[in-house]
Every structure is written in structure tokens, then in C-alpha cells.
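Common to both upcoming complexes is subunit A, partnered first by subunit B, then by subunit C.
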Partner chain A sequence: MKALRKHGWITGLAVILALLFVATKLIQPTFGASGVESLARAALPFAFATVAQAVVVIAGGIDLSIASMMAVCSVTAAVLMEGNGGAASLGIVFLVLAMGAAMGALNGLLIVVTRVPDIVVTLAMLFVWEGVALLILNAPGGDAAEWMRGLIIGGLPIPGLGGVPRALVVLLIVVALVWVPIRRARVGLSIYAVGSDALAAFRSGVNVGRTRIVAYGLAGLFAAFGGLSLTLSTGIGEPIPGPYLLASVAAVVLGGVVLGGGKGGLLGPLIAVFILRLVRMDLTLLSVDPNVSAIIEGTIMVVVVMIGGLLAAKGKL
Partner chain B sequence: MKTLFRTTTWAAGLTLGLASMAAAEYTIGISNTVQGNGWREEMICAMKAQALVSGKVDSLNIAHRNTDAAGQSEDIRNLIEAGVDAIVVNPANPDGIADAVTEATEAGIVVVAVDQGVNADAAYVLSNNQEQYAYLGAKWLFEQIGGSGSVVYMRGAAGAAADDDRHKGFTRALEEYPDVSVAQEVFTGWQQDKGKQQILDYIATGIPFDGIWTSGIDNVIVDALVESDVDLVPVVGADNAGFVGQLASVEGLEGAAVTNPGSIGGAGVTLALRILDGETPEERVVLVDPALWANTDEAGKAKIAEAQNPDLDPEWPVSVQIDGWTDYSMEEIIACKGPGE
Partner chain C sequence: MTDEAPLLEASGVEKRFGAVVALEAAALTIRRGEIVALMGANGAGKSTFVKILTGALRADGGHVRIRGADRVVGSPAEARKSGLVPVYQEPSLIPDLDVTDNLRLGGTDAAKFTRWMSELGFTEMDLAAQVATLPLATLRIIDLARALASEPDVLLLDEMTAALPTDLVEAVLRVVQQQAEAGRSVIYISHRFAEIAQVCQRAVVLRDGATVGEVPIEAGAEERIVEMMLGEAIKPGETAAQRATPAPKGAPRVAVKGLGATGKLTDVSFALHPGEVLGVVALEGQGQDELFEVLAGARKPDRGVIEVEGTARRFNHPADAIRAGLSFVPGNRADALAMQQSVRDNLALPFSARARAWGPINMRREGEAVARTIERLQIDTRAQGEVGRLSGGNQQKVTIGRWLAHGCDTLLLFDPTRGIDVRTKRQIYPLVRELAEGGASVLFYSSELEEIQLACDRCIVIFNGRVVDSMPAAEADEPRLMRAAYGLTGSAA
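Take a look at the complex of A and B:
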């Protein structure tokens, strides 16, 4: 009970997600494993974009260039994988991940060195990375290694759980492998400390500048995973960034990460991604007017965050 | 006698009712990835109007939002989950959505791609020939400026598949006219305000140019020329209502409209319904070739005069019908109502 209260927001989100699954089943009785698999695959790039944004927001910043960095990584992977579908593609993945981390770190470095606000620097970098993506590939194209595409398509038979979507397994493994060790290390604590109160963190001996660069570098790394997931799910690279920036901010807010920094985790935003994708699916299943769909999605988000805010103010979360 | 009449009327009514129920039997899914663009809005309205007048569509399930190939794949998979009978899709990219389209056809769903092709063998394609669209207009423009000079090249959206196809057509025409050069190349993003600002910026530089090729952002370009009080140069645009109106009314303007019917969406619905009814076409891919209407020749002038339609939004193509493929009236497409609305 204490744990439930401590993680009240996440519990609430999990309940909403469960209710949405029930609602989906009621709307479309044939909704089953294939639907969940489609959902997981659709959520993958959104989830990586959201995780990337969450890390930066926890550190007290914001990165408006995440979708553009995803586009750069996606087109780079697609161009390099064309004709290199074998073992070489594994090297390409590591190269793209390193590139993503470097792009993110460069964002952080510019913010720390120039002392220009995060929102201004990353807005400028949004255009820079967008241009870089178009320079690498001026129109959708390239290729993706078939064996690698298979990693996120279909279900993985897990005893006791049946077929778990591979996309979900990949997402959880990547986030756990990258975030859990960092969260438990000094650098993780520093990210939260800097986001909570940079001055207090500095007085406590935290290297604020380096921590912020690490946070942006991590965001770049997760954005690279997002770009790779786009290439793997479509089989091509697209230089025009998709709708991942605003979606990532929405999921971060809905996921319980405080925009001021220092509070929240990655599990909440990840559940929020699935909630938002499932709402989108339900609206399609219900044949809701597409113009109205956007209004409903926004309204749901505002209402949930408002209720959460009220409960938090009353000390119930 | 009265009873017999009542019974007969009731039976006739029931038969008609059952017939109409049996007729409106299909659910059609629609997937589109550009929202708020006149051409795409006309395409959606053509789909709705055709579905309505066909009498065979029970409901339309429309996934219409700004997204990429991954987002469109999500929409297509959601439409598969919704159990639609057919999907009419304007692909974000021919390769990017191929997997989702194949999943749909494997689930027994008829898939028709309109406007652009899709690289999935089981899908049907009813597409405007984008490369030819650009080639026709560019060739006319280069001829009009006497085979030499410089032109402003106002493209669509950077990285978009349709823009890439059009660029191939423009480049092909440019290679045929070695004395023509591109003075300025810009991406309008198919946005009216952006395109107008770009041409105003270029006019402000004072660098002379002999013609303008646009990828469909056209009437605002003519507006900019007129407002800036500069010499009018030949302009190529699409068959959008606003531009076609200018071709007939702006004094001294030489221009050509290349057809690019948004009503291809209605044709896609017709094709999907024919296939569902068992009429499978001989060819899986049908390319609709564009036509050029120039206000510098009599045939073009006649076409332009015939196409004038002040009721249409300036951004909507005037080719609201495709013979043999669409049955709705002008009022029905403007009303933009589908079955059940």
C-alpha cells in the first residue's frame, strides 16, 4: 500500500492503460495479440523520443531537436545499410548510436558553454539537424537490414506470458540497460540534483556543466535508438522529422515528470506513450472524425494532468 | 383491397429497405498524412462524396493527420484492427508503408494507393504521374522564355517523395534546354504563406528572372508579382481554382496550369468498390497523365474558361471530376459529407 501511494502517479497511469485495453476489447472484440503487437511497434519511436526528452527534462532542460536528431540517425542508418545488410549492419548500429550521443552532447556543450537557454539552443539545433538529415538523404530512401527488422516484428514466446511483442522487449531491454546503471550511479543522482536545484547541486560538489552535457548526450543516444527504430519499422530513412517532438513532451508531462526538473522517472512516460497510442487506436476504431481526434487527445491529456495536479496538491499522490 | 394494397406496399418497402441495407455493405478505411493542405482536403472530400453517392459504403473510417511513414503504418494497422473491407491510402512513401500494406492485403483487405504508388505487390495503384507533371510545366516555361534565361524554381517539401519525383521531371526538362538556368531554388513546403514570403524576398534582391515554376503554390506567387508592381513573368502552377482564375483575369499574365486532380481520391474509392464487387482491373497500376492548359494558346484558353469555378476554395484543384471514375456533383464534393454524416 505504501509502495502504491509512493508511486501513485504511475499506478494511476497503469490503471488508465488497463482500462483502455478493456475499452479497446469492448470496441473491437477481435482485438488481441496482433493488435498489441501493432501497438508496441507503433509506440517504439515515440517511446524512445519520450525517454530521451524525459532524461533532459529531469536534468532541468528541454530538447526541441529530438525529432531532428532521430531523422539524422534514421537516414544515416538507412544510407549505410543499403547493400550492407549482413554483419556490417551491427557496426552501423553502433556508429549511429555513437553519432546520436555525440549530437546530443554537442547540444549540451553549446548550452553549457554559451549559457544561452536550452530552449533557444535546441530550437536552433532543430534546424541544424534537419538540414544535416536532408544533406545525408534528400528524399526518403535507403534500406534496413532484414535480420535486424525481424528484431522488432512479431511476438517473442515467453513462458507464462505467451507472445510478448518483440518491439516491447527491445524497448524495455534498451531502456533498462542504459538507464538503470546510470540511475544508480553518481551521475544519475547528479542529473536529478541539477534538475532539482542547480545551485544547491553545485554547492554540493556536483559538476553541473558536465552533468547537463551527459544528460543531453543520453537524450541523443535514446534519440538514435528512436531513429533506428524508425528505419527498422519502415525499411527506409526519412529526412523530414516525424511528429515526435510534441508527442515526447506530451508523454513526459502525462508521465509525471515535472517540467521544472528533478522529479519523475522513465516508467511513467513510457506508460503514457502507450496510453496516447492506445487512445489514437481507439479513436480510429470508433471512426471518430480525425479533426476531432486531435482535440480529444489533447483534452484527455489536460484533464489527466489537471486531476493529477489536484490530487498532488491534496497530498494524495 | 385495402389490406392487399397495404400488404403490397409494406412488402415493397421491406424489399427496398433490405436492398438498400444490402447495398451499403462496405466499410472503407482512408489513410492520409498531410492535413490542412487544399489539395489533400479536396482528395478527402472526393473520397467522402464518392463513398456517399455509390450507395455501397456503410461507413468511412478516416485516419487523416500530419505524420510520417511510421505513423501511417500505425494508422493502416489500426484500420486492419477495425476490420475495414478496403483501404484507400495516399502513401507517405512508396517503401515506408509497404509492410503495413502487405499486412492489410494478407488480411484480405483491398488496398488502393492514390496519388503516389506503393511498393507492395498486392496493392492497386491509381496515381497521378508526378514526374510528367513537372516535365510538362517546365518544358512549357522554358519554351515560353525563348529557351534561354533564368527561372525561379519553387519546389514542394524537401524530402517528400512527390517532390523528388517532380524534381526528376523538372531536371529532365532542364537538360533539354542548356541555356536555361535556375536563378533560385526554394522549398515552399507546399505552404502558401511560406511560398509568398520566399518570392517577395527574392523580388526584393532585385536580381532579374525570366519565369517561375511552382509545385502548386501558385496563386500567391502571382499575387506577390502584382503587389510588388514588377514586370509579370511566365508562371507555371497547378490547376488550383485561384491560379486558374488568375490565368483568365490578371492582365498581362502568361501562365500554364498543369492538372493534378485531387479527385483521384474519389476514383480510388470507386476502384476499391469495383474490386470488392468482383471487378478486378487488368492492370494493378494506373497512371493518370497530367494535361497542360496555357493561357497563351486557344485550346488552353478554352479549357481555362471552362474550368472557372468561383465556388471552389482557391487552393482546391478545379478538376473535381475524373470521367468514368467519379459520380458526385460539384455540390456534393463541396459539401464534403460522407456516409452517415
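Take a look at the complex of A and C:
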């Protein structure tokens, strides 16, 4: 019961997600394993973008360049994989991941060294990475290794559960492998500390600048995973950034991460990604005008965050 | 022992913030086993000096030697490695983390921490408690225990006791003495002579950013230190007995009857007359916070009546209280000031913030009143541009001065001199008296008992949410107030 209260926000999100699945099934009785699979695959880049944003927001910052970094990583992978479909593609993946982490760390470094506000630096880098992506590939193209595409497409038969979408498995494994060790270590604590109160963290002996750079570097790494997932799910590289930036901020907020920093985790935002995707899918299935559905999505976000705030104020969360 | 190099030796330390020179020649030497007081008026540079010694700020010049070796302490983490551990004036704990995580962050040994906590009287500290939910006094103690757990050679305590109730002050002083007995050293910053006389061997005095001298703590040291701090002999403040104010007559301006509110306020009644300063005395957390919040309209009472000029009033919002003429000066200066605005704008705030003041502001009237007040307040105007850059004492003068400029009926002062030096305090009491002589009623909560005689006409003592005693200020000597504040006069009265 205590654990339930402590994770009240996540429990609430999980309930909403479950209700949405029920609603989807009611709207579209044929919705089943393949529907879940395509949902998970479509949500994958959004999920990585959201996780990237969440880490930075927890550290008390914001990264506007996430979608652009994803584009850079996506086209780099697509260009390099053209004609290198075999084992070499594994090396390419690691190269792209390292590149993403470096791009993110550069964002952080600029913020720490120049002392220009994060929102300004990452806005500038949004344009820079956008340009870089177009220089690498000026129109959608390139290729993706077939065997690697197989990793995120389709279902993974797990006894008792049926076909679990591979995309979901990949997402959970990646996030767990990267985040759990960090969260347990002092650097994870430092990320929360810097986001909560940078001055107090400094006085507690935390290296604030280095922590910020690590947080942005992690965001770059997750953005690289996002870019790779784009290339792998579509089979080509796309130099124009998709709608991932604002979607990531929306899911981070809905997921219970406080925009001021220091509070929240990655699980909430991940569930929030699926909630937002499902809402959109349901509205499409109901053939609601896309413009109206945008209004509905925005309204849902404000209402959910508001209800959460009210419950928290009453001490129920 | 004198052959050994001092643990810490600083000389000629300089620090500038823009145009403001915070330190120009700060110096201090401390040897093993010593407890040294660092004293100075507000704005003299004590906190800046401590921050430089512990790496939270970079000095612009000067030397720091640790155990005889020249050092530049780059960060608090480096300072800790050299054995210099501070407890700053503001809590340095991360509000969103629990106590355990805060300890892990600084690499503090939890077992040692717990031992120090129980040494300080917190035997059953919940390490899973989130810091943001803990009261300020507990945070100060956690900060101290964390510092002690790292076994510092030099412990630097900046106004450690300012926000603590008496029993915790005693515990802190006991621990400080233990440090010295164990051959460690403590640099102790406080405005309270009683504490310094109890534990320190000598006092290093700062004035306007420079070390002006050292005084061994012995009989009569207090006068010398104050002289050094101020650079001139000060006359003791006028006390209530000397003032001989006539007993209040006529109808009270504010009458409070049987007031109670959720939390610690049970049943408080008193009358506040025009031209009167009514002192409120209470130990930490006896309901005084709630009382002031209710009077300021920030908290709704459960029962009781507030009458203003004979009419019962209900405050649903601070604006209601302000409209009824009750102006609140919170204990936390940051709550009352627009820190990034100028002194002038802060003083002028009540002129433009009045509910009825629609339309253009009468700039000339405002300008004159504000200029007069700045003159009157003797505010150091080097940092005029931003109130946030003024020292604490000067900020407090602004929060009170704005009502002097604007005029007010009833002023609610909540511990206005907390953490403020003697000189500024003695400038604040006449301000309060002046407001009262101008016809204002002042309710004055103070955590320092001597202030009742220095600033008030009458006083009430609150214990456990009730008024347990009231007396003219002339009779309010410290023993009587103390007994009442601990609830010991309830049966006698």
C-alpha cells in the first residue's frame, strides 16, 4: 500500500493506459497483437526522445535539439549502412551511439562553459544539427541492415504472453541497461541533486558542471537510439526532424517529471508516451478531425496534470 | 605546540562582486583545538570569507595556507578533502532527496551521521524522510551532523544557531566544545555574545571586509568587540523603563479574541492600541507563526474573532488584511522583497500595490517619500541597483522602511532582527518606535528576549498556542520571560 502511494502517479498512468486499451478494443474489436505491435513500433522513436528529454529535465535543464540529433543519427546510420548490411552494421550502431552521446555532451559543455541559458544553447543547436543532418543526406534515402530491422519489427513469442512486440522489448532493455546502473550510482543521485537545487548540490560537493554534461550526454545517447529506431523501422534515413521535440516535452510532463527538475523518473514518461499514442490512435479510429484531436490531446494533458497537482496538494499522492 | 604550523591561515583575502568590494583584507589564523569566533556587522563579509575558505567562492586575491602549505581551494569537495567543512547559513541539503541520498551525495558515512544526530538530541531520525518535508531547525542539525561525520579538522559554522530553539543551541555548543577537546578546531560565526563567551577563546573581528583585530574572550570583551565591529563606541539602546510610555487608553485598533487555527494556535486574545508596540514572546513553534499568518490573511482561523477598529473582520486573503490596514513583514526577507528590483522600487511597492491606486501613480509624492526614507534608513547604497545584493540587515531595513515611507495602521513584524548585527538592530528599534509614534500599532514577535525592553511597550507570552502571561515591557526582564515562555508561570499567574 505504501509503495502504491509512493508510486501513485505511475499507478494512475498505468490505469489510464489500461482503460485506453479497453477503449481501443471497444472501438475496434479487431485490435489485437498486430495492433499492439504496430503501436509499439510507431511509439519507439517517441519513447527514446521522451527518455532523453526526461533525463535532462530531471537534471534541471531542457533540450530543444533532441529531434535534430535524432535526425543526424538517423541519416548517419542510413548512409553508412548502405552496402554494409552484415556484421559491419553492428559497428555502425556503436559509432552512431557514440556520436549521439558526443553531440549531447557538446550541448552540455556549451551550456556549462558559456553560461548561456540551456534553452538558448539547445535552440541554437537545434538549427546546427538540423543543418548537419541535411549535409549528410539532403533527401530521404540510405539503407538499413535487414537483420537489424528484424530486431524491432514483429513480435517475440513469450510463453504465456503471446507475441510481445520486439520494439517494446528493445526499448525496455535499452532503457534498463543504460539508466538503472546510473540511477543506482552517485552520478544518478547527482543528476537529481543538481536538478533539485544546484547551489545546495555544489555545496554538498557535487561537481555541477560535470553532472550537467553527463545528463546532456545521456540525452544525446538516447536520442541516438531514437534516430537508429527511426532508420530501422522505416528502412531509410530521414534528414528532416520529426515531431519528436514537443511530443517529448508533453510526455515528460504527463509522466510526472517536474519541469523545474529534481523529481520524477523514466517509467512515468514511458507510460505517458503510450498513452499519448493510444489517444491519438483512438481518435483516428473514431475518425475525429485531426485538428480537433490535437485540441483534445492538449486538453487531456492539462487536465491530467492538473488533477495530479490537486491530488498531490491533498497529500494523496 | 606553537611550533606546529597553524591548521588554517588566511591573509589579505580579497573579493569583489562587480563594483561592491565584499572583502579587502580578511585574515584569520586558527590552530589545533581552538574555537575562534568570527564577528562583524552585517555586510562586513563574514559569510563571503567562509565561502572563500571552503571553496564555494573564488577569492580575487590573498593567501590561504592549510597546515603551512599555500592552497587555492577550488570547490567545497576539495575543501572537505583538506579537512575544512562548513555549515553555511542556508541549508545545503537537496530538498527532493531523502536524508540517506543526501548523505550518499557527499559521501558521508551514515553510521557516523546517525551517531552525531543522537549526540545532538535526534535519537530517532528517519533517514527515509524527504528533506523538503523537514522543519528548518532539523535541517540545520542534519547539516551539522553531516559536517561532523566527515571528521573535519576545521569546522566552520556560519550562523548555525540563528534558527534554533534554545535546547538545540545548547546541544550545538556542547558538540562544538567536544570538537575542541578532541583537538579539532571550530570557526564560529554568531551575533550572540552569550554563545561566543561560552565556547570561544578569541574573536576575530571583521569590519567592511577587513580584519580589524583580535580580542581574547574575557570579561569586558563584548564592549571591545562591538567597538571594533562598529569602529566607534555605540550607546546602548533606550529601554522601555527609560521611555516610560503611558498606559494605552481608548479603543484598541486591533482586538483578537479567542483565536485558534489548525496547527498550534489554540486560544489567543489580546488588544493592540494605536501608538503601541506589543511584543510577542514564544519559543519556537508555540503558535506564533500561525497567529501572524491568520492576522495577515494567509491562513483561515477555526475560531475566534479579529476586530479592527471595533468591527469584526474576516480575512479570506492577504488583500483583505491589507485593506483592513494590517501590513505583514515576514520573518523571511526573501518573501517580502522583489530581490531583483532596486531599493527605490522596493520602497515604493506599497504605493502602487494598493487596491485603490488605479490610474497613474503620483510619481512626485512617491519619489519624495522614498528619497526621505532612504536617507532615514541609512542604507548602504553601493548596491542600490538590486535589493538582492544588499546585506541581510539592509534588506530588513527596506522591508520595514517601505511602511515608514507609505504609512500604515498596523504593522505585523515577525522576528525582524533574526540574523542581524547589533548596529543594524539598533537602527531598526528606533524605526519601529518612530512608526508607533506616528500612530501605528505594531505587533512585534521576537526570538531575542532583550528586544522586548528595547523596542516594545507591552508584551504577551505565548506557550502551547495560548497567551500565558502579559506585562509592561519595563517589567519584562529575561528570567521572567523565560519562565513564562517555558510555560512555568501558568499556575502562578
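The rule is simple: the second predicted complex is superposed on the first by the 317 of 317 C-alpha atoms of A that agree within 3 Å, B and C clash if a C-alpha of one lies under 4 Å from a C-alpha of the other, contacts with A are read in each partner's own complex, and residues count from 1 in each chain.
We take it that a residue touches a chain if its C-beta (ideal position, glycine included) is under 8 Å from a C-beta of that chain, and two chains touch if they have at least 3 such contacts.
Fair warning: this is a prediction, and the values are worked out from it, not measured in the lab.
A.B. asks: Overlaying on subunit A: subunit B and subunit C, fit or clash?
C.D. replies: fit
A.B. asks: Scan A:Arg280 for contacts with subunit B and subunit C and give back first, second, both or neither.
C.D. replies: Touch status of A:Arg280: first partner only.
A.B. asks: Please indicate which partner A:Ala201 is in contact with in the superposed arrangement: first for subunit B, second for subunit C, both, or neither.
C.D. replies: second
A.B. asks: According to the stated criteria, A:Pro239 is in contact with first (subunit B), second (subunit C), both, or neither; which is it?
C.D. replies: The answer is first: A:Pro239 touches subunit B but not subunit C.
A.B. asks: A:Thr30 in the overlay: touching subunit B, subunit C, both, or neither? Say first, second, both or neither.
C.D. replies: first
A.B. asks: Just to be sure I read the superposition right, which of the two partners does A:Thr11 touch: subunit B = first, subunit C = second, or both, or neither?
C.D. replies: neither
A.B. asks: Is A:Asn138 touching the first partner subunit B, the second partner subunit C, both, or neither of them?
C.D. replies: first
A.B. asks: Going by the contact rule stated at the top, is it subunit B or subunit C that touches a larger number of residues on subunit A?
C.D. replies: Between subunit B and subunit C, B touches the greater number of residues in subunit A.
A.B. asks: Under the stated touch criterion, which partner chain does A:Leu230 make contact with: subunit B (first), subunit C (second), both, or neither?
C.D. replies: Touch status of A:Leu230: first partner only.
A.B. asks: A:Ser293 contacts which: subunit B (first), subunit C (second), both, neither?
C.D. replies: first
A.B. asks: Just to confirm the value: shortest Cα separation between subunit B and subunit C in the superposed three-chain model, in whole Å.
C.D. replies: 37
A.B. asks: Please give the residue numbers of subunit C that touch subunit A in the complex, ascending.
C.D. replies: Touching subunit A: residues 56, 75-77, 80, 86, 88, 91-97, 101-102, 104-107 of subunit C.
A.B. asks: Contact residues on subunit A for subunit B in the complex?
C.D. replies: 28, 30-31, 34-35, 38, 41-42, 45, 133-134, 137-141, 153, 230, 233-236, 238-243, 277, 280-281, 284-285, 287, 289-291, 293-294
A.B. asks: Touching residues of subunit B toward subunit A in the complex: what are they?
C.D. replies: 35, 59-71, 73-75, 77-83, 92-93, 95-99, 157-161, 163-164
A.B. asks: Which subunit A residues qualify as touching subunit C in the complex?
C.D. replies: 186, 189-190, 192-193, 195-197, 199-207, 262-263
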